[in-house]
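Some notes on the structure that comes next.
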Amino acid sequence: MDFQRLLDEIAHRLMHEAGREGAVASYIPALARVSGAHFGIALRTCEGEEASAGDGRLPFSIQSISKLFTLTLAMRHMSEDALWARIGREPSGNPFNSLVQLESEQGKPRNPFINAGAIAVADRLVGLYGADAKGELLAFMSHLAGEPIGFDHEVAASEAATGYRNYALANFMKSFGKLDHDVDTVLDFYFHQCALSMSALQLARTAGYLCRDGAHPCREGAQVVTERQARRINALMLTCGTYDAAGDVAFHIGLPCKSGVGGGIVAVVPDRLTLAVWSPALDATGNSLLGMKALALFAQRTGLSIF
Amino acid sequence: MDFQRLLDEIAHRLMHEAGREGAVASYIPALARVSGAHFGIALRTCEGEEASAGDGRLPFSIQSISKLFTLTLAMRHMSEDALWARIGREPSGNPFNSLVQLESEQGKPRNPFINAGAIAVADRLVGLYGADAKGELLAFMSHLAGEPIGFDHEVAASEAATGYRNYALANFMKSFGKLDHDVDTVLDFYFHQCALSMSALQLARTAGYLCRDGAHPCREGAQVVTERQARRINALMLTCGTYDAAGDVAFHIGLPCKSGVGGGIVAVVPDRLTLAVWSPALDATGNSLLGMKALALFAQRTGLSIF
Amino acid sequence: MDFQRLLDEIAHRLMHEAGREGAVASYIPALARVSGAHFGIALRTCEGEEASAGDGRLPFSIQSISKLFTLTLAMRHMSEDALWARIGREPSGNPFNSLVQLESEQGKPRNPFINAGAIAVADRLVGLYGADAKGELLAFMSHLAGEPIGFDHEVAASEAATGYRNYALANFMKSFGKLDHDVDTVLDFYFHQCALSMSALQLARTAGYLCRDGAHPCREGAQVVTERQARRINALMLTCGTYDAAGDVAFHIGLPCKSGVGGGIVAVVPDRLTLAVWSPALDATGNSLLGMKALALFAQRTGLSIF
Amino acid sequence: MDFQRLLDEIAHRLMHEAGREGAVASYIPALARVSGAHFGIALRTCEGEEASAGDGRLPFSIQSISKLFTLTLAMRHMSEDALWARIGREPSGNPFNSLVQLESEQGKPRNPFINAGAIAVADRLVGLYGADAKGELLAFMSHLAGEPIGFDHEVAASEAATGYRNYALANFMKSFGKLDHDVDTVLDFYFHQCALSMSALQLARTAGYLCRDGAHPCREGAQVVTERQARRINALMLTCGTYDAAGDVAFHIGLPCKSGVGGGIVAVVPDRLTLAVWSPALDATGNSLLGMKALALFAQRTGLSIF
């Protein structure tokens, strides 16, 4: 299949729609300033073929997509039991930042892809790496991407200054004894992971291990995680990766996806390729409006689906 | 792969555990009387190869597995818009018979595989077939199975006499104007669909269209549903098919599954096979305890997974 | 104090506002037909002085005000322990017909003045009186009122035909094993109690025992309930008598009140008088809009308050 | 009535039970260290008669009882509209520190006596007094008590170090734009108000305006609040003053009460007296176990009730 041509076609069709509908995330100034008129798409196959179109090489704030990589990092270095003792694996059935379920489940987040769950993972990584945690994350991301990846410090500072909901979540978990480390330290790490700045092409490349049974995206012979772990991460993406729209995304698109409020989405076609899209205007569920349209077009045109 | 040998091995390993842990569903006498000491397993490949082991040919009450088939029947005969206007497609994040979400969503069930959602589907089928609805369901099931399928009338009567929770759900939806037909008529159909009596082998055969892109399990050239519809049903099974354990099942087993409190589970490996297991003792999530163990063993031994 | 003059004044001031704001309950045709343009008020002092103004002598459907009298009847004939084993005494913090709390408290209603709680009381009275329950209720009401009180059978039939929410509540409680009797029998009683037809003056008279330390409203020497029981009923009225507005009513009016969706409200000034108002148009909390205004005026003009 | 004799009798009867049942609040070390074996009781009549027994003159941490006084202070200096724009007046139907209702009501606390509500009041007082807020509170308390009242700084520091739930509540409200001031500043004030150290006798004296139609407890001619405001505070105490037990306290005791996790309770008999009890061991609802027993005995022996 001529992927470059397909991405060009999708970009051609969607770029003029960019920013017409939906709304750019406005809860922090650094995100609100981004123009809604961007559209980028990129993919990388298992064999290493790459393609990108539109703004596919422009960096943006990956936000919640980072939860995929911090979970991977935690799975690499911790036992299953230790990791999952404080985090569930079920869809939440509630908006991504809800405190309601956290209360009824005594501070144990439903899954690692809602904010509370990612904060719990961050707490584990802070435990693992201490003061080096942010540096270790950058090293891991850069190792996967094959080039240096950095934080957008303005975004991180903006989240720290106004991320009251996340302070509420972290303090709430702490009140149930479900965070080992200091709230401020854990959130400093969390705000930085959300502020990772990457392009769609970099994301498609970095997430490549998820379509390669856990093998490193480009270095032959190196495993990022085991085959079983890669499958499990894909399963979590499918059931929990797109907030309260996961069921609908599985129904309409049929691929494991992880989205962020920066407007990015990463999708996996196991044993074939990883795909990343970016368009900042979001729909009512907090997912990129054109990003979802692009994934639907891609799935329809290629017939690729896990079902 | 020698599937017969594999099923024999799984049955051999699990049969002696049957009934040791977990508890048979006790909310109606007709189910409570079933011995927990059964274990059956069966599969059918896309090409028509069949295998079964243990009690794989013994009929049992398929209960919520029927939701798969009534949804399929509704999808065959109704427009997408008409069908999904009153039913969501999201995991519930709450136990299968919860009224809480039904209240916050004004009588619109989260998905077609929780009781409320299946009652909404039943309402649609009653609208479609009127007094013939039960007969049409039997005809459809028998057509798929290639042999006559019937109701266990004692089970249906038992549900009608004591199914207060379902009466509550149906009346609650009716109070929101979300049921077109009479509560008693709709529930009579619903209680009968749950009382369908089938063996694991019959289930594997009947669900065959789900691994064959919608094609009839055995009659060449006949489509039960379109390829796209078959994929969508599989997606719903994965995200919503095993009550509040869907995330964990996707994580550990990696296959679309639909379970019932009678102890049955149907699983689909797209483009390969359908698998059915039966063991009446349930775990805390309401899924068959040994059934889940059997699926995990099968997935592990074959390496089959959608992820 | 010249109560007749005060009621005339209040009626004069409010009657021309009747029906301008708010909305008559529309969930059953028999109630929806009532004109919103009514306003009636009446009182009876401990010493037996009576006054009424406006439509104070016109009968209307007392609806939930009946919960006051069925609770009283149950308290007369049952032990404290037996009565309160299945009913709480706490404000609900949720709309009056919510199923959410009923679920989290396993079918035990929060208090006897929400629908679920009154259905639980009805179940107890059906247990006490069997087939005579409706007759016993009429006898009790007539005994208190000093004249025959009857049901509006059209209203009762209308509720039975369309009261899906109440069927849902009753079946839900039944599913938790919290109703002893048949759902239909219990609801037949409940729908009739709600359909009691009385005027504001009759209500003020009938509820007279609540301001007389439990003594019969007009027969000297006869106790309806003990002094302690009368106080407890008043306490329940204050904390739970006006649905989700109880806190606000205590704050603004300062008197124990019980309201109904027919537009009636009964208020008690312990050791002084009982007051009843009626105006069918309801506010957003389901309480009579002008009825609440009338109570506020009365409290302000007389300075009467329990606080 | 010989109040001194009555309090002696109650103290005599309950003191030997002190600490046998219930559990001292343990969420901060400074409270956990207090012996459960204390029991104190004190009252002050409208006319200025005082009585106390047991440990009625020993200071303790008044905790949530302080919410009564900060609300009073806010009512003195703010318009009704400004004060109640961000705080409801309804019982919560949920434990005192629940975040669930705060979420469904978009950061507006149900009433000023749950933690979230008191934090909202604290935010208002910080707005009114700025850096002087703590000093103004002490001045107000001392003015009412007729003697200097101070903070237990160890308790305040302990709350600040471990009050994660309150940090969660405050950040959550802040995320909804419902706090004007800095979370840390507001909570510093809140933790200090909870750490006010007073004896039962001081509390009975200080709260005296609540039984005197708002008049200063001992200075003739001075109004603390208006008569109407005093009644409204009493109404809020009755409906919301004892966490999730308010309905039961109204039912069994029949007096407006405000309790704290330090084991204190203040009760008001309008136009007669204020009563304060203290015993650190708490029941399951977070109220002082012996304190409630003492109030029930007092109500029973005196026949005093608002109903």
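In this document, chain identifiers A, B, C and D correspond to the written order of the chains, with residue numbering beginning at 1 in each.
The rule is simple: contacts are C-beta pairs under 8 Å (C-beta built on N, C-alpha and C of every residue); 3 or more make two chains touch, one makes a residue touch a chain.
From a predicted model like this one, the values you see are computed outputs, not experimental measurements.
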When each step joins two chains that touch, the fewest steps from chain A to chain D total 1
Which chain is most remote from chain D in terms of Cα centres?
B
Separation of the C-alpha centres, chain C versus chain D, in whole Å, is 33
Between chain A and chain C, what is the gap in Å from one C-alpha centre to the other?
55
Where in chain B do residues touch at least two different other chains?
none
Of all possible chain pairs, which ones touch?
A-B, A-D, B-C, C-D
Of all residues in chain A, which touch chain B in the complex?
88-94, 101, 110-111, 230-232, 234-236, 238-240, 244-248, 250-252, 254, 256, 270, 305-307
Okay, in this complex, where on chain B does chain C touch?
98-100, 103, 164-165, 167-169, 171-172, 174-175, 183
